[in-house]
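Take this structure first; my questions come after.
Which chain is which? They are A, B, C, D and E, in the order written, and residues in each are numbered from 1.
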Amino acid sequence: MDLKTFLSFEWSIMAPEFIIIGVATLLSIIDLFMGKDKSRRPLGWIGVAGVVLAIISLVGLLDKEATSILHDTFRLDGFGKAFKLIMLVGAGMVLLLAMNYEPKEGMKEYRGEFYYLLLTALLGAMVMTSSGDLITLFVGLELLSISSYILAGLRKKNKLSNESAMKYVINGGISTAFILFGMSYVYGLTGSTNLTEIFTLLSNLQNEKLIYVLAIAFFMIFVGLSFKIATAPFHMWAPDVYQGAPTPVTAFLSIVSKAAGFAIILRVMIIVFGQVSSGNEETPILIFHLQDYIAFLAGATMIIGNTIALRQRNIKRLLAYSSIAQAGYILVAFASLSYFMMDAIWFYLVAYLFMNLGVFAIIQVITDKSGSEDISQFAGLYKRSPLVAVAMGIFILSLAGIPGTAGFIGKLNIFLGAFVTSPAHYVLASIMIATTVVSYFYYFGILTQMFFRPAIDDSKVKLPSGILIVVVLCVIGTIGLGIFPGIALDFLSQFDRFSDFIG
Amino acid sequence: MIENLLNSPPSWLNFGIFFGLATALLMVVLGFVTYGILAERKVMGFMQGRIGPNQTGGSWGLLQTIADVLKLLLKEDTIPKLADRPLFILAPIIAFAPAFMVLATIPFTDKLQFANIGVGLLYYIAVSGITTVGIVTGGWASNNKYALMGGMRAAAQMISYEIPLVMSVIGVILFTGSLNLVDIVEAQENVWYIFLQPVGFLVFFIASIAELNRTPFDLPEAESELVAGFHVEYSGFRWAFFMLAEYVYLFAMAALTTVLFLGGWHPVMFLDFIPGAVWFALKFSFVVFILMWIRYTFPRMRADQLMEFGWKVLLPVALANIFISALIKELFF
Amino acid sequence: MNESYLLSLLVFSPLLGIILLAFVPKVQEQTIKIVGFLATVPALLLSLFLYFSYRAGADLAQYTEKYNWFGFIKDGPFSVEYDLGINGFSLVMILLTAILSTLAAIASIHIKKEWKGYFMLFLLLELGMLGVFAAENLILFFIFFELTLIPMFFLIGKWGYFEKEKAAFSFLIYNGIGSAILLIVIMILFAKTGTTKISAITAILASPQGTVPTFGAITTELRYGLLIALMVAFGIKLPIFPLHSWMLRVHVQAPPAIVMLHSGILLKIGAFGLIRFGLGFFPEEFKSMAVLIAILGVINLLYGAFLAFIQDDFKMVLAYSSISHMGIVLIGLGSLNEAGIQGAIFQVISHGLISALMFFLIGVIYERVGTSMIGRLGGLAKVMPIAAGFLLTAAMASLGLPGMSGFVAEFMAFLGLFKEMPIIAAVGAIGIIMTAVYLLRAVLNVTYGKPNNTYENAFDMRPIEFVPVFVLLGLIVLIGVYPNVLSQPLQLVLDTIMIGLGG
Amino acid sequence: MSSVPLSAYLILALILFCIGLYGALTKRNTVIVLISIELMLNAVNINLVAFSKFGLMPNITGQIFALFAITVAAAEAAVGLAILIALYRNRKTVNVDEMNSMKN
Amino acid sequence: MDLLNQYLNNYLIVIVFLCLGILLPVVALTAGRFLRPHAPSEAKYTTYESGIEPFHDSRVQFNVRYYIFALMFVIFDVETVFLYPWAVAYEKLGIVALIEMLIFVLMLLLGLVYAWKKKVLKWI
């Protein structure tokens, strides 16, 4: 590559990434040379400013045609833009949470690290979302994962934090190995790591044996990626990690990391395996052969997540199982492989972003204040601070999928996808709705605590300004998308069902 | 004839021939070690104003080392009962085998080289790293606090200095465009890399001393504090193999320095009537002498100085050197 | 089509009250009560206006409202409209809702705490109920349907009696299952037809298969499956025999004003849905299951009656009597002729009025004497002669005394069934007698039985409490004497149903 | 001697991968678990390099991929060990099954 | 074919060296076994430590610095994996690769500075 080609690339399409990496580097340097006793809070604002800047630059790129640079390794298409938007908004809000995260011990010295590790993790997620090459994809994935490992263990003096990080590393390492193993087979069969090339090469594959190998590769990658989104069979880490990690990190893992996980699943699965012929007359496309297995995993995830959540007393652990279940719902959208798949996943992730982030924002305030994560800390919240309780109630209702909230429309979209295919996925959708009803038990259990039970202490819960911003944004998002889902759906329609996904 | 051999398909016959040749080299190396040790003592004596060994085998003490070896061979071999027996036995072998293996790729002259492999330099660095494992294993298996401390220190030191070492040669690779040692030597036909890469050479040289565990960087076996470091529990021939490994590395490292920076077998200026092998031997001996010289004239460093020097001075310098080299190459070549 | 905002105004008028209440300070109890009451009035006035203008011959179609809401495909199928409209049946139901809501607001004087939250939820509940009847779009219907769930959960769980939380949860879970099943049906229909407009779906389902393009085959099996699912979904709400246990708890534990609304309207949503969707979408299939429905009706009738006979708690008696009376609705539906269906609809409305009256009176008595156990009551006629007298009158209405609404409804329902299935009807008739027995036993015990209680604080009815009683009794008698007030508006709907049934 | 078939490499890689997986799932000592994970990752590298040399469409990309895999594996191991050290300071254990303060 | 044979032969030589490297200690030690005396006594097999028999495992917990340096080594050593191919192919890659490498090494330096500032590089 000579200088001319190098300069001929449209570097501007990487602007959001550049901004994030620049801010992350800047923050790490500032943090390094800052006095020990100085407050790190301004750094958080720099981080937020960087994320906002990145969002602005991304919005500026919205009209751009799908473009690839760096020999097709980086690709900005509708899919990338849409998912990056979720991640950026999510990370921005998590930063606001992190600035106001004040646990009883073990956080003071590492506040600076928090911000830039969060940004590098975000960078990994973004790179992953718009990569056009297995290697880039993998590097992005690992940038996200490794940053998250450290983030989970950031409270170095805290046992739970250590343990959660350790478990995260072990599980993450195993899943990485699985993904890589699968990818190595894909590479072996095609001799290329470029997604577009793989797409064309594999669609011409006819050899039965090789298709068999490909199916194994598919499973390895899928199982490995299911770790990222915390679905069965790799969900075991989630409760422990969610519980032990600092609350903003938990929020990050459950939102940005999950969105990234789904982004990579769609990228890899649809592009790499989307057109592989199965050698079978009836269902000529391999992925439709494997659909039932994905559906099985989705079903198992929903059942496991929702039933085990029933007996949790720790609020973060409960939310962990809830997020497993929610991932299962989104997986239903993937398993049904319908016309609406991408839209449904995107919309649900947006809804999930608002509702779950809101929940974590309030959880963070409550648990910081009391030092306990037991669900009983929410008792009488309505008496103590009615508005906070109402906001929390809205988020919980949205998670439960009650109409009028974004969560409901998201579920609607998923159902539509599940039913519109032929044959329709009646069983899967039924499991989904049945487990949703099961989830009422624990979601409304939280509401019971907040509204029906007497308060332990009558102290007011006051939201710091940063968290207040997050909560207000999330309420607006949750209710707004519940009542006017057209906003998001119209926004989505400009990508035309991500038709430029495969370039 | 050797050409034909190399071009023939690999077979057991080849294996036998190579084996014979390698044994010959081994003998040479053992000879070097024997007289290297003697030379070291003599040079030491000379520098310290005394005579050194002079009784055994004539007036210069020529048989002194041989006597030492025999003594070691006949010495009773003890393995402490608390030691981890299998590892204890294995450790000297792990330490020695790579030391000998690295010699396979060193080109002594354009003809006299055993294995001309494409990634010779990488091979050298990679294989030599294994020795560290042997040393740590020895320290660990002894189940002795001195030994363990020595082993850990050795490991810390060797890995710390390995980084400047590998970084410093990048300049050389940059100018040659190859990892093949023969290519590297041939690229120095006109000008030696010591002139193009003075900084690289300096870093390399210092790091190589540390890698060899020689004074001023001989912390792992610091007699006065750790008794003898990782091999405190070893005696007899097992101990001898650690020593042997050390001296074979001295040989190898001096050879590598010659190859990388001193133009290998290339003659100085017009003196090309003298065969390459002699030139190589001369340069090689010079390097060995310098190494000995340093050993006797410098005091041992403190542990903290040692580590911080490696990380805070050598590594940044080596990194900077890479870029200056790249820029020079970009601008002037 | 005229642009009219009347229906929106009607449905969302309680929202105004909610907003106003939000700004009223918690301590001003009197203001809250007045605002809460007044907020129910606009809906009442508007619905009365609609009723009388319809009686005067106005065309209801002019009130239809339709706006694009959101679409899963932009400008294509799979979009959802905001679509309100009424017919005679729903008009009557809206009127009933508005009247009962106003009366329940008056009855809410018995509530003891947290007026503000109570009235906000109360008005939200009213909004939901009004919306359910006005929705012309399945998704909209479902949203309003679920919207009733949440306020009910809180109203029961917070302002109920001793086992309120348990009652709230069982209400939530049963109805959650019901609405989940309903959602599945709605989404399947949506996915297959691409629309959620009720009239459009009716038209598509009515036309023979293959004549109208759909997005998936609607096979006969699917139709039966959907119908059964609908029956289960609405059967839970109604409640039909094996799915009724939640409703007992709610009736016993919820505050009286809420039970008025619950038994008066919420249960009727089940019947409404069954008629509107079950009968409206799948008339053919409904026909072939008529016997089953009639049998279920008879079982409900007898089961409710038997169990009501052995209850100690007056509220339980009324709860089982509700089950029993809902059996009559089913009997009417099972007959599938004009008289039967008209009877069913009459029963829906009549029972709405009667049970509201009964529960109001029970609430009055409970407030004075602190119990509703028949064994501990007795001789109320002496202490509270007026209340006892009204109670007796209401019981008479309930057991179908001629001249009151209950009689008309039961008479027509049985008339219809005797025409079609005389044997089943004969068995069912036993239930009518049972009704008289258990009601008289309970009421006579309470009014004239031996007083077991000292009734220290008992006083007779307050002036304000006369308003609901008079209004309800007046309506009951009006319908009983002059059924035309109902039958005339319903005629058009009945004709449509009969055409759907093929004559 | 040059005719070692591709399948031999693949089987070797698969065996290594399985050994690593077994170790990662069953061993108590976290260090061993981390090493097992490294083993799995290196199995992948064997695969990649074998494909890159003897695959259906041999090219250099596989080796580049392997390089990245090595780097990432190193980073992961480094982070893993760092976390392990922090954990050890707090808990005085490196056993996986003693990390149970969050069970309920 | 010649090239392939050369290639293989070269590696054969490496194997030969490996064998020899292992063989020499084995042979020497085996030979030594026949030559050296064997007169065990209790004291000879004690651990060398001030004359008092240590009564438990001497694998004491050592300073965490060792680990941290090991971690640093792993990171920096692996990064050189990228520098070597770049250096070899430098002529073909040219200025663009130089800039890229500059960024890469700057990142490395940043890491080094980070470690420095965090006092990781300080020995005891």
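We take it that a residue touches a chain if its C-beta (ideal position, glycine included) is under 8 Å from a C-beta of that chain, and two chains touch if they have at least 3 such contacts.
Note that the coordinates shown come from a computational prediction; the quantities given were computed from them, not determined experimentally.
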*Moving only between chains that touch, what is the shortest number of steps from chain A to chain B?*
2
*asked:* Starting at chain B, how many touching-chain steps does it take at least to reach chain E?
replied: 1
*Intersection of contact partners for chain A and chain E*: D
*What is the chain whose Cα centroid lies farthest from the Cα centroid of chain A?*
B
*Considering only C-beta pairs in contact, identify the chain pair with the most of them.*
B-E
_Chain occupying the most central position, where position means C-alpha average_ = A
*For chain E, which other chain has the most distant CA centre?*
C
*Please work out the Cα centroid separation of chain B and chain C, and write it as a whole number of Å.*
94
*So what's the Cα centroid distance for chain B and chain D, whole Å?*
32
*Which integer distance in Å separates the CA centroid of chain A from that of chain C?*
43
*What is the distance in Å between the mean C-alpha positions of chain C and chain E?*
81
*Could you list the positions in chain E whose residues touch two or more of the other chains?*
8, 70, 77, 94-95
*Hunt down the residues of chain B that sit against at least two other chains at once, touch-wise.*
9-10
_chain C, residues touching no fewer than two other chains_ = none
*Who touches whom among the chains?*
A-C, A-D, A-E, B-E, D-E
*For chain D, which residues are in contact with chain E within the complex?*
1-2, 67, 70-71, 74-75, 77-78, 81-82, 85, 89
*chain A-touching residues of chain D, taken from the complex the two chains share*: 10, 13, 17, 20-21, 24-25, 30, 33-34, 37, 40-41, 43-44, 47-48, 50-51, 55-59, 61-62, 64-65, 68-69, 72, 75-76, 79-80, 82-84, 86-87, 90-91, 96, 99, 101-102, 104
_For the chain B and chain E complex, residues of the former touching the latter_ = 5-10, 14-15, 18-19, 22-23, 26, 73-82, 92-93, 96-101, 103-105, 114-117, 122-123, 140, 142-146, 148-149, 152, 155-156, 159-160, 162-163, 166-167, 170, 173-174, 177-179, 227, 232-233, 236-238, 241, 303-304, 306-308, 311-312, 315-316, 319, 322-323, 326-327, 329-330
*Mind pulling up the chain E residues that touch chain A in the complex?*
93-97, 110, 113-114, 117-118
*For chain A, which residues are in contact with chain D within the complex?*
134-135, 138-139, 142, 145-146, 149-150, 153, 156-160, 162-167, 169-170, 172-174, 176-177, 180-181, 183-185, 187-193, 239-240, 243-244, 312-314, 317
